[in-house]
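Consider the two complexes below, in which chain A is the common component and chain B and chain C are the respective partners.
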Partner chain A sequence: MNLDLSTVMDILFPAGTLLLALLLILAAVLHITNLKRVYKLMAALRHEKEGSKNESKDYSKGGYKALLYQEMTIPQGINFTALALAAWIMLFVALAYLYLLVPTILPFSYMDISDLASTSGGFFIFGILAACLVAGVILLLDKLPQDHRELKLTELYSFYPLSKFTKKMIGMTIITLCISVLISAYVGTIYPSYSQPAELLSLLLLLGSTGILVMPIFREAWEARR
Partner chain B sequence: MLKWLMAAILALLLIAGVSQAGEVLGGGDSSGGGDSGPSVAPSSGGGGSRQIDIDRLIKTVQDGKKSKPAKFEELRTLLWKDPITSEEYQMPTVLMKYEGNNTTVSRNQPLEIITVATNNNPLEMRRMLDLYLEVKNPGSDKYERINSWPEKIQTNEYSEETNTSRRIWGMLPSFAYLKNIGEVRVRANVSDGVNKWSTARYSGMKPPYYSELVFNVTNSPPAMSDFNVTPSGLVRYNDPIEYKADIADADGDLLNVTLHILDENGVELKNETLNIKPGAVSFKANEYGFFKEADGGKNFTYYYSYDDGIDFISKDPADALKGPNIRKGPKLSVDKLGFSSASENYYWWEKYGFNLRVKNLNPEKYDVAFTLGTRTGNNEWNTVETKTVRIGPDPVEVNFNDTKPFQVTDAGQTFYYRVKYSEYDQSGKDTMEQTGVLINGKIVPYSIYNPVMVLNLVPMLFLILMGSFFIERKLKKGIEAHEGTPGKAGDKKGKKQKSGGNIVDNALKMLRRG
Partner chain C sequence: MKLCIVGIGGAGGKITKEFLGNEDLDSQLLSRITDAEYLSPGKIKGIWLEADKNDAKNLKPHFFGDMMEGCYPCYYIPHDAVDDGCAVHVAVREKYGYDVKKQGFVRDAQYLKAIFEIFDTDKEIQSIVAQTIKKESMEGNGANNGPLSAPNPIFDSAWNSIRDFTTLGEGECDGILFIVSFGGGTGTGFINPIINNIRNMGKAEYPVFTLGILTEPGDYADTAQFSESSRRNLAAISAIYDLLTNGNGANGVIIVDNETLLERYGNDYISANKFIHDMMQPLVAARDYPEEVPPSQAVAHHALKGLSKPPIFVPLFASLPRSSNPEEALVKKALSEEGRLFGCTPKKADFAFVFCRGFIDSDKIRAILSRETDIAPGSIMLVRKMGEGNNEILILLRNPYGGDPNAYKKVGTLENRFCTVITQALQYIKEHPEYLFYEGKQEEKDKKDNKPSEQVKLTALSKEALKTFFFGPDGSSQTSGFVFELNEARKRLRNGEKPFFRDPLRIFLRESKVVAENQGKGSEMDKDEIARAVDKRIKELIEQGLLKGP
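On to the complex of A and B.
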């Protein structure tokens, strides 16, 4: 079987994109599942306890969930929380730079608005717009009620015990994501020419960063299975 | 007449019985035999009364008229009923009526010509009147009938109070059809089935009633206005010179308009005629080839003549108008149109240079304007630069240096360029066009290490980081996380409230928190 480098590259990029999407979707599903499992376990224990003591507290389902989430909250430190938030916003900005700056997977891109893209502030505007959009969504999710804290990205790590090393790794993703953004920007500057190695490197950095960011979720899910 | 006939047939059939009618119509016996017997439908009872099918009866009579005309004539003779005549019968009075103030009318003036019939006979004695309108046109010695079919006034159409009935002749709305003007006489011919007469036989009528209407028909002559020659001032012989004017004709006639062009001595050089409806008049000099290169330096004059087929205006305006004034000019020889680029990459943002070589084939020197234009694809021409250069018999290089003719939207497309000049060249054209090259498709004019890109990306990343810290500071998720450890967070909160200082201090504190 004779596969040239270009063909391998052509296969790797969509495969990496698929892996990235699966990683994010799976992380979201596992995160919600993790919390639901804890909630169900706690609800069962409470029922047993109340049944044996023949007592009942007037907790609504939502109220109990909120209380449980409050009890589950692990303090992670304000600096780490800010860094984690920055990392997540940077992740989505890097995604936008890789997939929306030039047409890679999608048929449309920022380069279609060439009048704006070619201006001296075109890349700045694009990045800031992407960041504002992501921040807007994060803030919107943060307005959800307390019994839906599993959907709040700002409190993602409040439910997982994190070692100092993990925290450092999560903080370091900001740097790798910045590098990914810079590489994607390079691909944008040479458009309509393209550099497959650059695109792949940007994607790899994205994959690595995403893996680190969602690692606590997977670890928790793995430990729960054990 | 046919109505009378049919009524009589029906009456006869009813009186004489079905069998007799069959005999009359079919020409055979009462059994309905023969080749075209009457159409009588037998009753369902059989042998009793028989019912007449009137439609078939009429058809039989109609068929009989064609196939047996002699029999038909016999039948008609038998059934003919003369109009009721009586010594007491009074001839109806039929007059022309015109309510206009003046019988002198222009050809296109709307008219309302009416015929009024007064019939004082009792209803049963009245006869239907047939009216024909007749007109005698100017120069004609006979009346022409306007309506092919008579206008009928039925016996029951008269007013009960005045015993009058009227007809407005809509088929004669005006005299616009006339090719000559003058006296037009209008009258009506009347028949009551027995008598025939004309309205002209009456006398002593007073307006608005007339025995015969006599109109003096006049023509509205056409008139021209708003004479103009464009462009004004000095023009080249092959410029788009256009003679314009307006022509009006109240009658809306088809008009013949002739433009006469005179030289400086008032001698007519050329004339052209247009056959047009009233409205704008336009003669384009280039279409008719009015002027030649040799006319340079001459001043021409012009006037119009026109007619509507009746009135002829031989010269309008009375004094010939000036124009155009043809100027002398160079005859250019243009060649070597080319372009250069700042690099061989042909980026859209690069500077381009364009040049061409020009000289005057005549010995004089003239200022000639050159306009550079570019376009890509099927887009419109975009004017880049205009410059005026004095052109003489020696070749001159006309350069457009350091132009930036393209936009980002031109990237990836082949460009075309042209130079348009204010005079004509050796080919009789005033423009020269060339195809350029394919513009590089690169959109972003900066490389990744360009300071502009650095200024794009570094502040962007920094702002995102700062924004994230700002959001966290506002949401205070970290503080909430520390609420589980009382005292520590409370102390920090207390410190925060006391802290003040400038923005830089606040930002540094924001980063140090936790």
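On to the complex of A and C.
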């Protein structure tokens, strides 16, 4: 079967998109599973403590979970936390630029609001709006009670031991994500013309950055399998 | 349990560096924006005490900064509390011949011990200190010395540099872990005076542990420091003697054999230091199991339980990849020759601390360790932490020796190792008695960086005190003195008795009637003696009808 280049490109983009979605969904599921597993293990290992001391305590409201999360927490440093948070916001901004700036996979896009999109600061406003939206969601999640810290993006890395190298890599994703945003913006600029290689490159950078951002979760899940 | 890591001397500083690395990303620009604080793993805090400013400044890579310049992580030079040529400096030198500004290359434990005791006992010197030394240099941020304390500029300022990291100051550390090399210069000399000073300041209950690396028997590893083995052994055994006989001193002495480290890492000291850091992680790291966070006070209490003198703790360490049911493998590996970091007989231990990292069943660990060592499960204190990779176990066996008169002949026992150290120390004293008084040619060997060091010239008063300290009042070493005590200790080791070090010794005795009262009881009363004296007095008062009997 002969496949021409444009057909391959046509397949690659949806496949990459699927992979990206899977990566993010799997990371979220694994993160929650990782913490649930720790909770279960700790509950099992508390057997010798059962009895007089703990009976008097009410854990039905998730008190033990909150305590466990508190003890599990690894302070990673404010510089890293700031960079990691910025990287996650950038990830969603880059996603928005790739999928919502011009119609790629989805039938709608920012270009539908042509009056705003075609202004001189149109793309910038789009980016700011996306960033504010993501930041708002992150802040909202941050208000969750202490026994639901697994859902807080701000505390994602508090549960995983990270080497300095991993931290640097996570910090560096901001740069790759910025490049991805710039390429997507270029695709938006030439719209309605179309550059498949640019789109693919942007997706590739997104995929790589996402892989780095969620790597600690996958590593922990891999090690826990033993 | 959150310990403040205090490295003393060159080796102590290098090991402390491993504990105090910054977890956060090092970026000055970012730190300025985020106002980031220096963050060590487990939020550990610490400091490096060094006597030699040049060594401190030149340690590469430049990790520690000068505390006086507001740096962190930082070093502090306690000797800087005394200005060069000031009244105290001159008075001590003229009366005793000791140079309180002399740097750490006086490689024995007696030098700083003597200086500490001079400040502790000599009223005249105390008066000069009170009149001339700036109060803030000794008292820090307004904190006062305890009621038992005499003004002691060097050691007071050293304590002040540590205090703010602890719960006794503004910090969070509820205990101190001193890290020293037994056999070096500064660490060996400084460790006992600084602990004594903390205790004298009324901090009798504050948990203080010592992690000491015992110098190796041969000469090959210490060429950089230009000190022969027997001399290092005398310094080491002097420091250990003081630590183990001071009932009011450290809560425990964790001892690691440098010979074991050399066998594993050769002259790769960086890897050896990293290993010591890794080995201590189950004890110092964060991520305790919820509701199982022991305060240092509890650990200190158990460390001394049933004892009147600080015990020796031999560390056994094992690290294995995560697996299900890891307990058996971990304990067995730790107890094997490979896991031991000092010669010992685990079955002779009377208590064990077990610090684990990973998902570990404490009942299983207790049962396995009890089965393998005969230590009663009730005498095993277990602390668990969530791991960060491998499963790890650190077992600290308390006094794992004694009861076997042949043990000293067997390589790999604590008795054998200490007999070797004591023999070498005694040999050094016998061969070079003049060196004990800083006479003869020994000082020429202390040249560092090709700069000749200044000769110490003790006065007759100091010489007499040192002579009595080493050889007893009659100079025969037959009934008292350090040489006598070392010989007795060696006999006890050979007979399988414990503890092998018993009576504390001082170079300069306290004046006044306290000394007179204590004559015949040893120079310092331990807790048991105090308890007996109090009981006796209460009985007398009851008999006199001044108190109601039970």
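Going forward, the second predicted complex is superposed on the first by the 213 of 226 C-alpha atoms of A that agree within 3 Å, B and C clash if a C-alpha of one lies under 4 Å from a C-alpha of the other, contacts with A are read in each partner's own complex, and residues count from 1 in each chain.
Basically, a contact is a pair of C-beta atoms (placed from the backbone, for glycine too) under 8 Å apart; a residue touches a chain by one contact, two chains touch by 3 or more.
Note that this is a predicted model, so its numbers are computed, not measured.
After overlaying the two complexes on the shared chain, residue contacts for A:Ile25 are found with neither chain B nor chain C. In the superposition on chain A, A:Glu223 contacts chain C only, with no contact to chain B. Once the two complexes are laid over each other on the shared chain, residue contacts for A:Ile11 go to neither chain B nor chain C. When both complexes are overlaid on chain A, the residue A:Phe124 reaches chain B alone and has no touch with chain C. In the superposed model, A:Leu45 makes contact with chain C only, not with chain B. In the superposed model, more residues of chain A are touched by B than by the other of chain B and chain C. In the superposition on chain A, contact is made by A:Lys168 with chain C only, not with chain B. Legend: residue contacts after superposition of the two complexes on their common chain; A:Ile78 is shown touching both chain B and chain C. Note: residues 73-80, 82-83 of chain A belong to the chain B contact set and to the chain C contact set alike, using the contact criterion stated above. Contact residues on chain C toward chain A in their complex (touch as defined above): 22-27, 30-31, 33-37, 39, 43, 286-293, 321-324, 359-363, 384, 386, 388-389. Across the complex, chain A meets chain C through its residues 38, 41-42, 45-49, 53-54, 64, 67-68, 70-80, 82-83, 161, 164, 167-168, 171, 223-224, 226. Residues 349, 407-409, 411-412, 441-448, 452-453, 455-457, 459-461, 463-465, 467-469, 471-473, 475-482, 484-485, 511, 513-514 of chain B are the ones that touch chain A when the two sit in their complex. Residues 73-83, 85-86, 89-90, 93, 111, 114-115, 117-118, 120-124, 127-128, 131, 135, 138-139, 142, 154-155, 158, 174, 178, 181-182, 185-186, 188-193 of chain A are the ones touching chain B in the complex.
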